[in-house]
Amino acid sequence: MSTFTLKHVVESQQFDRELLTIVFKTADRMKADLAGDRRFRTFLNDKIMASLFYEPSTRTRFSFESAMRRLGGSVITTENAREFSSAAKGESLSDSTKIMCGYADVIVMRHNEAGSASKAADISSIPIINAGDGAGQHPTQALLDVYTIADAFPDMSGLKIAMVGDLRYGRTVRSLSYLLSKYNDMEITFVSPPVCRMEHDIKAYLDKYDVAWYEETDLARVAKEADCIYMTRIQKERFHSVDDYLEAASKYILSAELVSGMKSDAIIMHPLPRVDEIPEEVDNVPQARYFEQAQNGLYIRMALLYLLLKGE
Amino acid sequence: MSTFTLKHVVESQQFDRELLTIVFKTADRMKADLAGDRRFRTFLNDKIMASLFYEPSTRTRFSFESAMRRLGGSVITTENAREFSSAAKGESLSDSTKIMCGYADVIVMRHNEAGSASKAADISSIPIINAGDGAGQHPTQALLDVYTIADAFPDMSGLKIAMVGDLRYGRTVRSLSYLLSKYNDMEITFVSPPVCRMEHDIKAYLDKYDVAWYEETDLARVAKEADCIYMTRIQKERFHSVDDYLEAASKYILSAELVSGMKSDAIIMHPLPRVDEIPEEVDNVPQARYFEQAQNGLYIRMALLYLLLKGE
Amino acid sequence: MSTFTLKHVVESQQFDRELLTIVFKTADRMKADLAGDRRFRTFLNDKIMASLFYEPSTRTRFSFESAMRRLGGSVITTENAREFSSAAKGESLSDSTKIMCGYADVIVMRHNEAGSASKAADISSIPIINAGDGAGQHPTQALLDVYTIADAFPDMSGLKIAMVGDLRYGRTVRSLSYLLSKYNDMEITFVSPPVCRMEHDIKAYLDKYDVAWYEETDLARVAKEADCIYMTRIQKERFHSVDDYLEAASKYILSAELVSGMKSDAIIMHPLPRVDEIPEEVDNVPQARYFEQAQNGLYIRMALLYLLLKGE
């Protein structure tokens, strides 16, 4: 793969299977290194990562910054970037990005407006990683999600994936859908209250890539057959009344009882934070992978930083 | 002492004399290293410390982060952890801690609720250091306080300690009292306005450990005899009227005149920040140790990080 | 230059030509190192820089922190220092500084009150760098400005400098004026609306150092002759009415048309962020140096950190 180049990480769609394979193999190597005695690496000791967060997201930021440190790199960081931005003094994102290019070797950008990462990448002389841009994308989350599925099912074919909860506003399930379409014979079931159904653009995308998808409102009917149940939070503010919300929320809880009916080799995922949709007693069943999934974020982000800054 | 293990630093009471001796000897070593030409160490160059502050405390955070850096380690940091926490999205402290365990090797936690550090330690796979939890504990402050006293009085026996100011709400004097009870023949005098008297639980604890304690409202009567005067701020909001406050505040000032009557080998301490309770002219008397005390925080925190991450 | 010592960086006036030459030569060396393959240096690997920002300024902070990292040093940082300060608990700047001296090897201080850096330097045992103190000074900005001019005009004599925009409240043009007075045969033209004219103290200073200065309200008349046009933002809040503002703002725009009439070897500078006063189409003309100027901030700050912590 001497032709491989990864310049920016802007959206899930940019990753084809070949590139996914490279990212996941690199992540495997990172995981093995950290598990072994090669915890101190100096791969990136001449590199600086700028965490440019226009809105706070401590968890995502920590995951990236930990990844950079584990590779020996340095970090400069702000959760205050709006003050640095057009909003505060009328400066364009383009100008802000140009200046940052002089101070860092890679920019991890979280922005409140969809499309910001792409706009920054257009004019940046250094790699941009999109760490979430408004209602847009969160591609590193999608990558760690697929990496977690691929860890459990290395073949990555013929899987039944159930996505559960707030599918309309949930950025993660949207990005994950894009990536799953790269694999063969995937079957996706969207399980949600009517007000939170998956949007049409994603369904059209899946159709285009011949991915079978279904809609369902009853989690119990889906749990037994699924190879992977991907839970998300249902947010009160989507509902017209508190009663509607409470009814919906109670239906989309993956209770210990439901879990006991799942296949033994199935997996349970969640982008976290969770509230009530997965009770704590489920944490200890063998199918629960959500904390491992969060941990995989570290390996994926290490892999991306490595590939962007060192090449394959 | 091959049996020594320190897993977490949660509360003052967990330190017995043996452990205190180990911590203080390690701190001495850190101090000597920094004073000498071994300022650059790589002991912890494969380690990451997460500063997880649910409320800002720049001074404490800087002290810990400086300590980690001086040992060669890396830091990821937030003063914004509430956004990351249950308060913001309903996530439990337990979940937040589990995820952080994947990103760091040690967590320094400042929290607004008493008991949080202990709760986190219960489920954490990596060491937790309590950097203050609400009205609860601030054990590293208590350790640096005793370290400062022990530096002046290596025998640590038969000392007359006066604690002055707001003893009721002051976390530091409470934690210090716990630790002093580990030593022999200590005599503690609590000097405060009636509304700020030391609470009964501490007095009961001292009684249990046979520590002699007294109460006094007049600082002048105590200053001449004390080996150590531990000053604290009196806060206006504790008083019913401004007049009451002003009267009280004026009585608990360690003036140059009072200092001139102190024993020549006595010491003056203060957890800082101070306001008016120690006038600046006192800074230069030989008894003043409060800036040295703050500096000792660095050595103590270096020692704790070293012991937690490297062992004795 | 064995007699050279730089203890603090507090104000522009402290730099004489000899010192400027040393700083600029060191900056040249930093620039060459970064451009070459010596990107990883360990000069300052035993040093800690504290970014003590009493008000946020992400751009300035990033520039300093990137500089420190590029030299191998560590950083502890807050944009929250007011919480740490007298404002919050009544602690004096003097006490705060004394404590910081125990945690770091150099302090970069941004403060909302003029004179703060100087006050801190008076009692600090470690170097203080003023990163902007209210309406006072921002000496590192002035240094990078002159460094950028000197890069284009190594002789630094007989230059016609036009400063444009808000000269009354703009800290950068004031600090730059101080520094330009160190050079021979400089000619400064202040181009501003009447309400934003340069203050008398600066004019008196220039007179004292025999620097010729003029005032002008029409940018077009000045653009053709200038060797350097230093643009600044005009801020709406300085004007009595929106109409006045709009009229003024439109007159102080360096349009592509005006640029086309400039000398071919002239340069255009701006401290950034810019809004409308330089249209984006100007970015690509050879005279445009404002992004390079921002980048020069990195080299100048590396040079200062190096000189303060390692000596010449």
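The first chain written gets the first letter, and so on, giving A, B and C; residue counts start at 1 in each chain.
Throughout what follows, a contact is a pair of C-beta atoms (placed from the backbone, for glycine too) under 8 Å apart; a residue touches a chain by one contact, two chains touch by 3 or more.
Note that the coordinates shown come from a computational prediction; the quantities given were computed from them, not determined experimentally.
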Item to check | Touching both chain A and chain B (chains) | outcome: C
Item to check | Equivalent interface positions on chain B and chain C, same or different at half | outcome: different
Item to check | Averaged-CA centre spacing for the pair chain C and chain B, given as whole angstrom | outcome: 41
Checklist entry - Of all residues in chain B, which are in touch with two or more distinct other chains? => result 77
Checklist entry - Which residues, counting only chain C, touch chain A once they are in their complex? => result 39-40, 56, 58-59, 61-63, 65-66, 69-70, 75, 77, 79, 233, 272-275, 280, 291, 294-295, 298
Checklist entry - So in the complex, which bits of chain C are touching chain B? => result 45-46, 48, 50, 74, 76-78, 80-81, 83-84, 89-92, 94-96, 98-100, 102-104
